[in-house]
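Here subunit A shows up in two complexes: once beside subunit B, once beside subunit C.
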Partner chain A sequence: MKDMNMETRVLIQPNKIEARNVQVYYGDNHAIKDVDVDILDKTVTAFIGPSGCGKSTFLRCLNRMNDTIASCRVEGLIKIEGEDINDPRVDPVQLRAKVGMVFQKPNPFPKSIYDNVAYGPKIHGLTKNKAELDEVVESCLRRAALWGEVKDRLSAPGTSLSGGQQQRLCIARAIATSPEVLLMDEPCSALDPIATAQVEELIDDLRSQFSVVIVTHSMQQAARVSQRTAFFHLGYVVEYGETSQIFTNPKDPRTESYITGRIG
Partner chain B sequence: MAIKFILPTTLVTLLLSQGAAFAQEAAVAEAALSPTLQRLLFLAAALVFLSIAFVMGRNRATAMRNTVAMMHSLPGFHGAVAVQWGALGAFAGVIAHAITGYPMGMLGAVIFAVALALMGVAYALTTIKPDFRARTFTERSVMAFLILCSLVAVLTTVGIVASLVFETAHFFQLYPASEFFFSTVWNPKFGGGSSLGIWPLIWGTLYVSAIALIVAVPIGLMSAVYLAEYASPRVRSWAKPAIEILAGIPTIVYGLFALITVGPLLRDYFAQPMGLGDSSSSVMTAGLVMGIMVIPFVSSLSDDIINAVPQSLRDGSLGLGATPSETVRKVVLPAALPGIVGAVLLAASRAIGETMIVVMGAGAAAKLSLNPFEAMTTVTVKIVSQLTGDTEFASPETLVAFALGLTLFTLTLGLNIVALVIVRKYREQYE
Partner chain C sequence: MKASSLLTQDPRTKKRNSAEKRFRGLGLTAIVIALAMLVWLLISIVTAGSPAFRQAFLTFPVLVDQTIVDKAGTRDPALLSAVTTLGYGKLLANSLRAEIAAKGIDLGDLKPKEIAQMISEESAATLRDLVLADPSLIGTTIPFTALASGRIDGFYKGRVTMETAALDKNTSPAQLILADRLLDADILSVKFNTGFVTMPDASDKRPEAAGLGIAVVGSFMMMLVVLLLSLPIGVAASIYLEEFAPKNRWTDLIEVNIANLAAVPSIVYGILGLAIFINFAGLPQSAPIVGGMVLTLMTLPRIIIPTRAALKAVPPSIRDAALGVGASKLQTVFHHVLPLAMPGILTGMIIGLAQALGESAPLLLIGMVAFVRDFPGGLFDPATALPVQVYSWTTRGDPGFVERASGAIIVLLIFLVVMNATAIYLRRKFERRW
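And now, the complex of A and B:
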């Protein structure tokens, strides 16, 4: 019954991101091969697969973070809302404001909690005055389920928080620029189970507003938080579909081997 | 991030000149055989002797090992203990002789040292027992040796400061401290009746150093940011060494550059047209040239420090849609600040202690003036000129060098403390 609802809901969502025939090279190393993936709006999409299979590399293509790596070359078409992000006219800086990113290891800036969240709105001029900025900071921290824990010490350094709190701070920082897509690169791999549960709950909430793409090594996590799952293997997308279908009835034998723990 | 501190070279040289005279007297005492040959022979003999001690200790322990059920340490460690006691004995013998001034002559000294060394080895051989912890003993000796080495540096510093304080006190007995600290005239006369006010010198030092830092800090910092954040690895691989070459140029060469090129240039194109004087040696000349000299101190250290800021912070900032320059300004530099302050401080200490460029670029006239195109001089230059030729430490005119040295020392120390406070207060700690 639940699955039925999800399917109908997913079907009416338009494609937020379309990737066609994407190739990524690191020098001579062909890291991503012929990847076609459509990412739906207001959906959590999980990328799973063994280490080194290219999930993170592909994720970093979606906001052109690979531009910062000199030896990296991206080919193929990636469109966000119909616009080619690798078009020379697209400013990667603006693209990244629209496609936020949360990294594997919590990386709060060496600034106060408040300034961490206010960083994006400040550099993009999203608020007109201090009162508005205060409001944005508060609402982002609330949505990241961190407000209650930090509201009395907003001027404390972000690095003074615990690992789980730091990661939620980074999520708050990412949503403060009002992105349309949120990319998460193994956001829970450095966290304990309690903090992981909090972040997962948060991801589920974020789905109402953003399209979330999450790379994860934990198949349970993919099954818990995502509606769609792509299985990467050796640079190829082996299988992509509804999460429930991937985990209960995989079509490709490699997918089955991976989720049952035989490869990877 | 440790704050580095430089003792101006002038101070060290000053104290060494006193020590050299003492060393010469000692050298005469052992001139019978060629001193180098003598020492080499002694060293070789000591090595042979200690090798024998090692073998003796080890063999004795091996023999014992065959007769008892269990020995705590391997035979090699017992051999090492014998070496340690032997070396300690020989060392004690040599030191005792050096301190007492070779009362038994060179041959007596050697015999004495050998006797002590033999006693040490003999004692070590008696300690070889199954439950003697030779391994632990050796570990402790290694640590003691390492501590001794670091003590050499620490004690030297303490010695230098103590000698400065002592001689300064001596100076103030001959010359009123109030004159030294509050007079604004520096006019030493070797016949007596000099006025030795420190302010013109302090002013010159600070003025020249300030100009040097105003030149070096922005240029050094910007080039460090370029090298660390923007340059491709290929550019970086030749640009960084090229900048560091600046630090390898002897200061006398910079001095020549100041004297022959920069000084006349500033005089002809700036000072004279603006009516600010016609001296070719000026504070500006020395400051500019010194600024170029300290650029690599700022840039090379800052570059290392900026590189040490984790990539994850840059990714985080870029991932939020910040431009590279926003990332540098708002994330990377604040995170690197303590280290950068350290680098600037190192440059400042270097500038304050610099002598040669000032002599050749700014002249030797002690003056209190705001005009940057006028010749002035610094504390270090005056230490040198007070001691050149006449090194009899009896008159206030020569002893003033120690008071100047101590003032300089206090100045750089104060600078360090201020910087430490600043760093502690504004540091933005990253993981």
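And now, the complex of A and C:
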């Protein structure tokens, strides 16, 4: 597998997301503790860590998906381009159009492939007419490397695709609203190695336009696709930095133990 | 010898296997008993009720005699309507006697009054309506099909025999012998009885004329009211409780109460409807609108429960997906969750409607058991309902009504089967994979 991050790494990018002192509680359970993370624009940032360490929870804070969980309470400051996303004036609907999300299990709508991609632009009124919408659907499917496989059956149900195709369809759906940040919650955990490789390649392409944040259980995947990596452990961010540094020269002994397979 | 062999079962395994065998046997017996009961029920209803769909008719030309129906010869509507069904009965009897004489059929020792007794009193009323609607018929001879009386009708369905006729003051063996001769002469015929589902109810003495018409119309109107009220209210309440309401003590309380309401005996809803809709709101008694609203109250919890279950069964990943692309809560529910829950909602809806259709107890309390002869023109006119009609027929003395009640049960069952089949069809049609 080719190593994408070393030579193509963009070192100097402005901060897209700034998280300061973020705390998340599920009822009485303190799940995320004092997390400070800056996410760079046009960069792939990986969150790694053992199960239950809070990496998915933190990811879901970034587009306020945690709002849908009644017992969940988020504290601290999360800014996207300088704007506090937890400000009472922010409508999560607008935020989620700006911060797209791809989930662990491919979850296409039980509608046609076309409608899956067209849904976001439709509800946000991004296109004026059918021709424009067709264009958006095609370009998104192309960018998700799915166009060639589905262009003759756009009216087939999205659920009729294979797992890897479904996940790429979900990515196409997520980028159809032209988000600025793309959150991916273990996007490859339900996929076979070939589909995984396709999705990883896609993630690397997406980096040219979006800031991508990916949660993964696979350290190899983090090393392959990301430029920056954060290691979560027991709700804390133990270490955050350049992917190459995290994997070759971790500063914290806990990071080293995790990477070498002693904890997790 | 080996300690254990796979080829022989040890005592524990034997015990477990025989326990399983016993359980299978019990389950199979239970199913066989249930099926046998069902078959028995169906056979008894069909054998008792199918005669209601056949009917003995007397077909003969009727001379609309001006000397009886319009003595003055003025065609004055006021004078015409002064002639009661008794006069028209005489007309029918005279014409039947004339026809018998013309065909040369042996009357035996039957008196004219006994011949008149063979024609249903209902037919005189039918003829009267016909003549009043078209006075030009007076003085002419018209072909007419009259209902045979209940006893003659029963003779052809095995309900009346020579022996019972000898003891019955409403008929005599001589009438039955004449009926057989009329049958040979093609004056009397036994045909399919469309009147059973189109005619209104008839009085105690005329089972041969009793029909389900008003009950069918009344039930249909009530189902319309139930559908129009309970579908939007039930679905809206379910969506709110399932998707929008905060989960706290109040919503828990509401949830428990909805579950309890579904188990409240239906007659309690009848008392509630009587108190609120009739005594307090002053709506008319026996009206389909009140019946429909009472049944709506009864059906609502029974619709809300399956609808909430159907909403709950939609995978959360679909909600996440919709919210993730920036759909609002309302868009998520209406674009994605509701379509996926539709088969479950429709099934619950139709099963709720079917229960409402078969319900009689609450309707008795709001007066829908009344004897209604005029077809309702709207939701506020008196009507009856199918199950109530079954109930009221079974309480009447004439054995002809027993057959009618069973026939009405068949009609009710057909409606229920059609509704349940629709539920299954809709479920299949809307079911989608995710």
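Following the convention adopted for this analysis, the second predicted complex is superposed on the first by the 253 of 264 C-alpha atoms of A that agree within 3 Å, B and C clash if a C-alpha of one lies under 4 Å from a C-alpha of the other, contacts with A are read in each partner's own complex, and residues count from 1 in each chain.
Here is the rule we use: a residue touches a chain if its C-beta (ideal position, glycine included) is under 8 Å from a C-beta of that chain, and two chains touch if they have at least 3 such contacts.
These numbers were taken from a predicted model, which means no experiment stands behind them.
Novice: Looking at the superposed three-chain arrangement on subunit A, would you call subunit B and subunit C a clash or a fit?
Specialist: In the arrangement built by aligning on subunit A, the partners subunit C and subunit B clash.
Novice: In the superposed arrangement, which partner chain does A:156 touch: subunit B (first), subunit C (second), both, or neither?
Specialist: neither
Novice: I'd like to know which partner A:234 touches here: subunit B for first, subunit C for second, both or neither.
Specialist: neither
Novice: Using the superposition on chain A described above, determine whether A:124 touches subunit B (first), subunit C (second), both, or neither.
Specialist: A:124 contacts both subunit B and subunit C.
Novice: If both complexes are laid over each other on chain A, which piece of subunit C (44-52, 62-70 or 170-178) hits subunit B?
Specialist: The listed stretch with clashing C-alpha atoms is 44-52.
Novice: Using the superposition on chain A as set up above, list the residues of subunit A that contact both subunit B and subunit C.
Specialist: Touching subunit B in the first complex and subunit C in the second, residues 63, 65, 68, 70, 93-97, 100-101, 103, 105, 107-110, 119-120, 123-124, 157, 159, 170, 173-174, 177 of subunit A appear in both lists.
Novice: Flag every residue of subunit B that touches subunit A in the complex, lowest number first.
Specialist: So the residues of subunit B touching subunit A come out as 232-233, 310, 312-323, 326, 330-331, 334-335, 428-431.
Novice: Mind pulling up the subunit A residues that touch subunit C in the complex?
Specialist: Answer in residue numbers: 63, 65, 68, 70, 93-97, 100-103, 105, 107-110, 119-120, 123-124, 157, 159, 170, 173-174, 176-177.
Novice: Hey, which residues of subunit C end up touching subunit A in the complex?
Specialist: Against subunit A, the touching part of subunit C is residues 246-247, 315, 317-328, 331, 335-336, 340, 432-434.
Novice: Give the list of subunit A residues in touch with subunit B in this complex.
Specialist: Listed in rising order, the residues of subunit A that touch subunit B are 63, 65, 68, 70, 93-98, 100-101, 103, 105, 107-111, 119-120, 123-124, 157, 159, 170, 173-174, 177.
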